[in-house]
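In the two assemblies presented below, subunit A is common to both, partnered first by subunit B and then by subunit C.
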Partner chain A sequence: MGQEIKKSLDLHGVVCPLNFVKTKLALETLNSGEWLEVILDEGDAMLNVPRSLKEEGHRIVKVTPLGQTYSVIVEKGA
Partner chain B sequence: MAQSNLDLVALKKVGMIQQKQKDFFALRLHAVGGDFTAEQLRKIAEVSEKYGRGQIHVSTRQGMEIHFVHFSQLEKARLELEEAGIAMGACGPRVRIVVACPGESTCRWGIIDTKKIARYLDQAYFRQDTPHKFKMGVTGCPHNCAKATENDLGVMGGILPGWKRENCTGCDLCVSSCPVGAIAQVDGEYRLDESKCIYCSICTSNCPTDAWYPAKKGYILWIGGTMGKVPRLGTKLKKLIDSEDELYETIEKVIRYYQQHGRKRERFGHMIERLGEDKVKEDLLDGSGDQKKP
Partner chain C sequence: MNLTEEQIERYSRHIILKDVGGAGQEKILQAKVLIIGTGGLGAPAALYLAAAGVGTIGLVDGDTVDLSNLQRQVIHFTADVKRLKVDSAREKIEALNPDVKVVTYPERVHAENIAAIIKDYDFIIDGTDNFPAKFLINDACVLHSKPFSHGGILRFDGQTMTYLPGSACYRCVFNSPPPKGAVPTCSEAGILGAVAGMLGTIQAAEALRYILGKGKLLTNRLLIFNALDMEYRQVNIRQNPECPICGERPIITKLVDYEQPVCDLRSRYHA
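Entry: the complex of A and B
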């Protein structure tokens, strides 16, 4: 893949909306265009966090299933 | 006492239900989608204090009931409510008040104008006689907050997703977040299996580049849902209906069909079980959209 992952965050077991809040805080430490990896639970987390990220102007780059969780790579928006 | 002259059946028709304390009645009020103005609520509170015991009950279907109104006060209470624009509800074997979720007017998932449809259904059918009680619910999307599938007739908003190859970055989010696994990737192409899709709009809302987009917006019609002693979830009548006119025509057919074929005190869903789901679908869809397709 094109870029290195600047930061990784394991949000397995973290419920909505805290998982999104933590993702947002982690993104704040990055520069725009840089990548963050978050591990999200299947179900509600995967339904809500990506959508909220989109609404905030960030972009999902890649999603990879890991059993009952997913690795989600996010590119920080402008 | 005068109570023995009360026509309980007629009273039920306009939402006045005798309580187990036989001198007292519950006044069930009309509502559409559980919406009341502050002014109406003040009036309801006032009437409940004046003619009842200040006790108001919120029903499981978004209605209001004023409890403990003495039978001698029924007419006065009703008149006072009606003067303030608050009509009576319904009970017994007829069309009940229509429930609705907030829908597109305020909910971020809302696909259809639930309140508008609920108002239409209310104006067209409220209090019409049916073989047994008949409940309708309108829910803005397949999250189904207003529980369309547990009503005799349920309307649900939905979208059919379409895919634009040129926008797709291959991130795989859609494959991972579709709640029913209706999207699969084959050689870089993302394909929808419409027979699995529940029209929920999660893919179109989530896709980072809008490669999935709402190709069609419409309505899903559920028939024959009921709770009660013998619960049954509604049956999906057909694929996404994309015109409001077709929706209303189909609903008209459904209600007339139940009025014609339902046995006395037989819920619509139980009638569907008796006649067979396939037969009912065939009767209802005969000559409509789905049949024209080759």
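Entry: the complex of A and C
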């Protein structure tokens, strides 16, 4: 788990599906295996975005609650 | 090229798709598609390609809008009757999506002008309504190695195939135009408006998938449907070694115009 976070994106207040779209665009700028941190709201965002990311072949490395938001670390898939 | 905030929102339903994403949307924004004929097939194709954000859309049509066109040519409105179709279509495209650059050619394609018109485009959509134009488009695209989508509709029937350099061309299947009068035109036989929409939309999807480099295009197969019974079927086709233009001993080496009876053309806008 010694990998650095390449990019960080605050999506607090960004609704579905735009939060996923922005996460996806940010991941496109990374190489596979690199990490992205996204801040997502609890509720719909947390229900949908990590699931969609997994469906696209990315890996959720770590989820940390931060009050009403969550920090989600995603590893870009192949 | 970087997508603006507005583009991210406008194209979000594309970007969400695994096979499109931001990179695919950028390809679409940089693509150039030529639509020959801004009628039943060209109208829906133009609207969907414009909505998709195709960077440059070329429109070729020398006709003006006729009241009898409006039943299926959904890019033209009642107030557009008597206007040039390319002007009417340009206005709708620009209103729909300012990302699109529209280039208009208010003329009919013929053997002398077609090469110069298709030259700058990545993909060509045949949305014409007559055999001379269909064979001319095929020949020009084969001779200049341009991918294109063939489409034809009549009554409740539609057929379409896509040509990529090296795949079966329209002449591999249909050697030469049918004799004059053997196949009625839409103005004689009629056409269910929605059938034009179905086929033109398939052609738009072919163009987009070609641009994206995703999926399996309609190459080496002819898709045929009948919308009266809503039946679809595919006929596998292959490059014909005897094809007069792309076969082993091509006999067509330059473009020729087939004669289109003047009365056919006239009847459509003076009927």
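In the analysis below, the second predicted complex is superposed on the first by the 77 of 78 C-alpha atoms of A that agree within 3 Å, B and C clash if a C-alpha of one lies under 4 Å from a C-alpha of the other, contacts with A are read in each partner's own complex, and residues count from 1 in each chain.
Quick note on the criterion: a residue touches a chain if its C-beta (ideal position, glycine included) is under 8 Å from a C-beta of that chain, and two chains touch if they have at least 3 such contacts.
None of the values given here were measured: they were computed from a predicted structure.
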item: First, second, both or neither for A:25, with subunit B first and subunit C second; value: second
item: Which superposed partner A:50 touches (first subunit B, second subunit C, both, neither); value: first
item: Subunit B versus subunit C as contact partner of A:17, first or second or both or neither; value: second
item: Overlap of the subunit B and subunit C footprints on subunit A, listed as residue numbers; value: none
item: Residue ranges of subunit A touching subunit C (in the complex, touch as defined); value: 17-18, 20-22, 24-25, 28, 52, 55-56
item: Touching residues (chain side subunit C, partner subunit A) in the complex; value: 3, 8-9, 12-13, 15-16, 18, 21-23
item: Interfacial residue positions of subunit B with respect to subunit A in the complex; value: 169, 171-173, 175-177, 179, 202, 205-206, 208-209
item: Complex contact set, residues of subunit A against subunit B; value: 46-47, 50-51, 54, 59-65, 70, 72
